[in-house]
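Each of the two complexes below includes subunit A, the first together with subunit B, the second together with subunit C.
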Partner chain A sequence: MALQRRLKPAPVLVALAPALVVLPLGIVLLRDLHGGGVEQIGRFWLAALQPSLDPTLLKHQLAELQITALTALLAWSLSSLAGLLLGVLSSTTICSTLTGRRWPAVVLRRCLAPLRSIHELIWGLLLLQLFGLNGWVAVLAIVLPYSALLARVLADQLDQQELPALIALRCAGVPAVINLFTSLMPPVAAALRDHIGHRLDCALRSALLLGIFGLGGLGTELMLSLQSLRFRELWSGLWLMALLLALMNLVIRRLSARHGLLLLTLALPLVTLLWSHRLNHDLSLPRWIQGAPWPPWAQLRDGLTQAWVETPWLELVGRTLLITVLASGVAIGLPPLLRLIAPDDGPGRMLKAGWLLMRLLPPPLTALLLMLASKPTLAVAALALGLHHSGVMGLVLEDGLERVDGRHQQAMVALGAPRRSAWLFGVLTPASRRYLAYAAYRSDVILRDTAVVGLVGGAGLGWQLMEALSSFHWPQVGWLILVYAVLTLLGELASEQLQERA
Partner chain B sequence: MAVLEFRRAGLTGRLQPLDLTIRLGETTVLLGRSGAGKSSLIGLCNGSLLPDEGSVLWQGHDLNRCRPAQRRQIGTLWQDLRLVEELTVLQNINTGALGRHSLLWGLRNLLQPLEPELGDVLLHQVGLSNGLRDQRVSGLSGGERQRVALARLLRQQPMLTLADEPLSALDPRLANDVLNLLLDQSSCVISLHRPDLMHRFQRVLGLRQGELVLDAAPSAITEATLAWLYSEG
Partner chain C sequence: MPGRQRPVVMATGLTTGLAFAMSLAGCSGAPSTNDPVLKIGAIPDQNPEKLNRLYGSLSDELSESLDVDVRYVPVSNYAAAVSAFRSGSLDLVWFGGLTGVQARLQTPGARVLAQRDIDAKFTSVFIANGASGLRPITSADQLVQLKGRRLAFGSESSTSGRLMPQYFLGENGVTMGDLAGGGPGFSGSHDATIAVVQSGTYEVGALNEQVWRSNVDEGRVDPSKVAVIWRTPPYVDYHWVARPDLDERFGEGFTDRVQKALLSLTPSTERGALVLDLFGAESFIPAQNEDYNKIEAVGRQLGKVR
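Let's look at the complex of A and B:
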């Protein structure tokens, strides 16, 4: 107890300490490094400054980019509409106001949990097996987890609201439905608009990621460019994607001001269907692929038992968790560490540009890039995932630092503190609690994303899932998805508790 | 004519069972020390609190089983106002009329505040400038918010008006204006910390330690009675 009382690190140290994982990761990477690969990585970064401007290539990439955008927009619109409906239905406050019972909302919430716990990439690969290559596969792969996620966010927001206005209007004889719209919806509207807007950015990245795994669009092109080491072509595509992301963020910001976002989500399904027709992109109704008949129960039971016994669960789960811990360490610890090394505004702006680049690069591409110079190891998978998420965390940190009152740092300087110490105590310390609260949520996302790098990096449950899918080992696929879902839900629970503490 | 009746209605630990009749056209003031049970009595009157024993009847019907159309005849000016912070002044005022209109009207009010002319009349009535009409209530001062809540109450046009400490945060002149508006309503029950104002009401109810100990006309109440009502122990 005495020891526990003494070891109570300040939040700012908790934010910096995870960067220690960079050391073991660096050692492993240096051990496996080979010279030829380092040269390729150098070429890759140089190509960022000299992307290919070949008109034929750009025209082709623009067409593929449209497919990515179309997939993302359609998925975003459908998941927003479905998420809003499911969120209202799974709010215990709304349910108890309308029906006098909480349990239907609780049951619905539990049913939605597995949908959001499975990564869109896994949904994509599963749906691909069931329906074959069809535009709807990528759309549905995004819609399923995103609607469940939005539903949870909305239900949580609604249930966290103070209820005085609701009670006041109920006592004034206002009917339940309009009372809910009037007293509960306006307080959650701003947060909801922000979340829905942010989801469009996520949907674009997901659509790109699904493309990398063969579901069409720009992602597929980027993967082909990387595999043939055509880095300048790769960067043309990446810069186009960056432009699209910036454009979409601008549109969302403009539309968020009034009710434009709602109108956009309502109009998009029709617009995208017409657009797909123009692009010759197949959005016809997907048809179930007729496979082998459903096996008898005894055979199925034996298959499931055998798959459970033959899978090395401890090792797979352990490796997945290790990737999560290492990647979280990089993602959370690297931004404040680098900022501490360069606390001035000039280098800060350069770092911000670096975070934007990291966020732009999908983790599988980073993993493949690292594998040009190293062996496929757990460290590569963790670093690729960690670097991508450090881009996100770096931007969150910069946003937090901008909000800090400059007088704290001035006070530290007046006290005679050195430049870095003044920044650490006067700027990073006040910003660290909010940063850590977001970091807890990000670790939860990283756990979900281990599926993505696992598929590439040859480690953990993600890798095993890819193997099982390729060999049509359905009992094992079933178990792996179940274990992934349970792990993600446990991670979600843990991150919620961490966020409450932060 | 009796509109609200308490039949041995009480709240465990807060309000002892009591019998009480509130009549149409009657103005009633509720006096007592802090924690005497005034807010609990108001809560039972508007149905936000359910009696642990006995019952509260509105026009002969159990208040908690009344339909919204019946409940909208009781209006409350809450101590904590209970405005929808994210909505504008006019949208908040219009929430007073939600009980009389369709769902579509309510949704339209959320998209674009409706009936601004009526809103302006009410704002003028409560002494607010119509320049505030489109401002969010979260940005208003305490006194302005109080008057928006009052305007909402006027928009509701209730048969019985309840008010819980409506003058506590107001300067004397504003308090007088607000009290005049409340007393203009057909029937009202108002809890106050101002015994000096009791002569403006027709009836005085006194609560002491959760028990209704006084029910009389103001003229029948002596200084000694008031001193006892506000004494400790």
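Let's look at the complex of A and C:
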């Protein structure tokens, strides 16, 4: 019997294997490394210790920070509410229990996929075309992909639950709605709460990134400081952002322990609307801006055909996938690898501080810093993206490790196992499954994020999209978004397949 | 059980009460003024501190001379500035050559009002890292030396940091595919171009000569590592563009008044001197839409204007 079972790699190996990409990346970087940018890089890190404390600057940045926070909070609460609703509607279990049919849920699920396959930044730049510089543009840009993503996570959670309780209660004649609440909601609730809490952190970083690309808030200030290499001013903003992130995480932790998360999401829209009023931030109802009329069909068709023909798809898609794979490798593999090298608590805390820092630095900034030290290659783009997301993954890992019951490790150590092996099998292994489930979502995000590291020598679809947007070349923008969406969906299908087999 | 439920009940009550109070306060605090506000903006090519000082002073100046409320809206992205202008989120914008053309094409009726004295004959410089072995170029046809080199532009929509340098390269037989890596890199800004060339990451870079000079004057450039190898022929660049509906919203003849206010800025007043100094100009001079026809043609040729 045992021989007939297929060999499966242990989750812990799957978690560590991606770190293999660090090797080729490291070789390329070492080859291209140069000392010419040391001075600037040194200036950057020194500036972290002595950020500008100019009162007018700080006042200004604080006001902008509030706009970023407001945008993020509003987007987070709306996307949580919409995501919960859509998630319930797109769960096949719920749908078939209530109506006896599966297909409405499946259809809804597929319809939501394009929404989440487009990066919030691209949503932002597209909505900007339709509504102008209105506060809702940034909010909606986050709400659209985030609610679709939450819907997917929730539906996945609901549909993956074991069903005996549901069936038993149904056989006992319990009404469908009550049955669903009793048998499905409790096991899903905890995971969902974690996810919603984590999304606030993501929303804050998204709001910052939207600002970087021109949609207001602290990001705009940071980008202007970065472009003019005013690192001290840049760090004032980054530290403010770090404080905000820390504060929000604290609040979320407190609230989710006391079941206050849902209340917060309900109350936030009202509070933020008033808040925007005080900040003089335009959150009035967005008005549809009449653009140029649509060209006649024949012209549109010619434009689309020409744009399709003149774009080197193979090269662009190839480069994008390569960056995604390399960056995902770094993001997923680096945290467990470094933690394995230093399994003790002391270095662990230092690593955690490192992850917090990585997550704080927006990818365009990381890319510029790396570019000052290395020749512009695809490896630099991948590493910049990978390092930013390794910050996110590192924190997910730490969070997972904290939840692991230490008794296995203690037992192994007591039996004479080396400390590192005991940690690997006693702590990391049990935490791996949750970590990997999260990693699958993260690689989707990384694929979409390739849009933000265009900086490095015309790297892939993301760069092409930025170029097309800045040339207002709409036919090409349309194709690029479509290709992005298809790639994301294929990626999702692949990761679903892998998860089913695992 | 009641013990566990109490905090939830309290929280619900508090939230509802708070929300009510807020919505009431929100209603009474609605904006009372309906006076139109002139929203000015600029493409991002300066540091934020300077932009805020610059546009703060200019807003005050315009507000005084035009007798309307003026607000400066910062934008950090060239394409976003163009879209914001088209959608009416910005009324009067300091555009670069290319972005101004893009904005006017998308906003029929928009008018070029003025440029700086230096904009009529603006230039870009090509700078090279000392270790690249590139020598100063005496005639444009020597630009072929740049084939196979790592070259950095600034922002993808910059006239002086990308469009015109790329145009002059093309005129002299260097296509983007001839560069190392199959294409140029984009540092994102003029200052960043200096940094990436000085560090040696890129061998050559092209940027706005005005920004280059101010960096040299402020001692932010290491002359032992990076030097100018070529200056482009002159072309027209930055300019003020006004939306077509200003007269309609602010009264007959308002656009002309804005133009006059800009042109009459002089170094003889304290604020005028500050604004002109921050703009790096002696004065503003009149400009028309037609002055930018050449830029539009180049933009079309390079696919940046559709």
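Definition applied: the second predicted complex is superposed on the first by the 376 of 502 C-alpha atoms of A that agree within 3 Å, B and C clash if a C-alpha of one lies under 4 Å from a C-alpha of the other, contacts with A are read in each partner's own complex, and residues count from 1 in each chain.
As a convention for this text, a contact is a pair of C-beta atoms (placed from the backbone, for glycine too) under 8 Å apart; a residue touches a chain by one contact, two chains touch by 3 or more.
All values reported here derive from a predicted model rather than from experimental measurement.
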item	value
First (subunit B), second (subunit C), both or neither touched by A:M350	neither
First, second, both or neither for A:A190, with subunit B first and subunit C second	first
Contacts of A:L125 with subunit B and subunit C, given as first, second, both or neither	second
Partner, of subunit C and subunit B, that touches more residues belonging to subunit A	C
Touched partner set for A:A165, first subunit B, second subunit C, both or neither	first
Subunit B versus subunit C as contact partner of A:F181, first or second or both or neither	first
Interface residues of subunit A shared between complexes with subunit B and subunit C	259
Interfacial residue positions of subunit A with respect to subunit C in the complex	34, 36-37, 40, 54, 57, 60, 125, 128-129, 131-134, 211-216, 219-221, 223-230, 233, 258-260, 263, 266-267, 270-271, 273-274, 277, 289, 291-292, 364, 368, 371-377, 454-458, 463, 466-467, 469-474
Residues of subunit C touching subunit A in the complex	7-8, 11-12, 15, 18-19, 22-23, 25-26, 29, 44-52, 73-84, 86-90, 102, 106, 129, 131, 150, 156-157, 181-189, 191-192, 195-196, 198-202, 225, 303-306
Subunit A - residues contacting subunit B, complex	164-165, 167-175, 177-179, 181-183, 185-187, 189-190, 259
Residues of subunit B defined as touching subunit A within the complex	46-48, 68-76, 78, 80, 82-87, 95-96, 98-99, 103, 106-107, 109-111, 156, 158
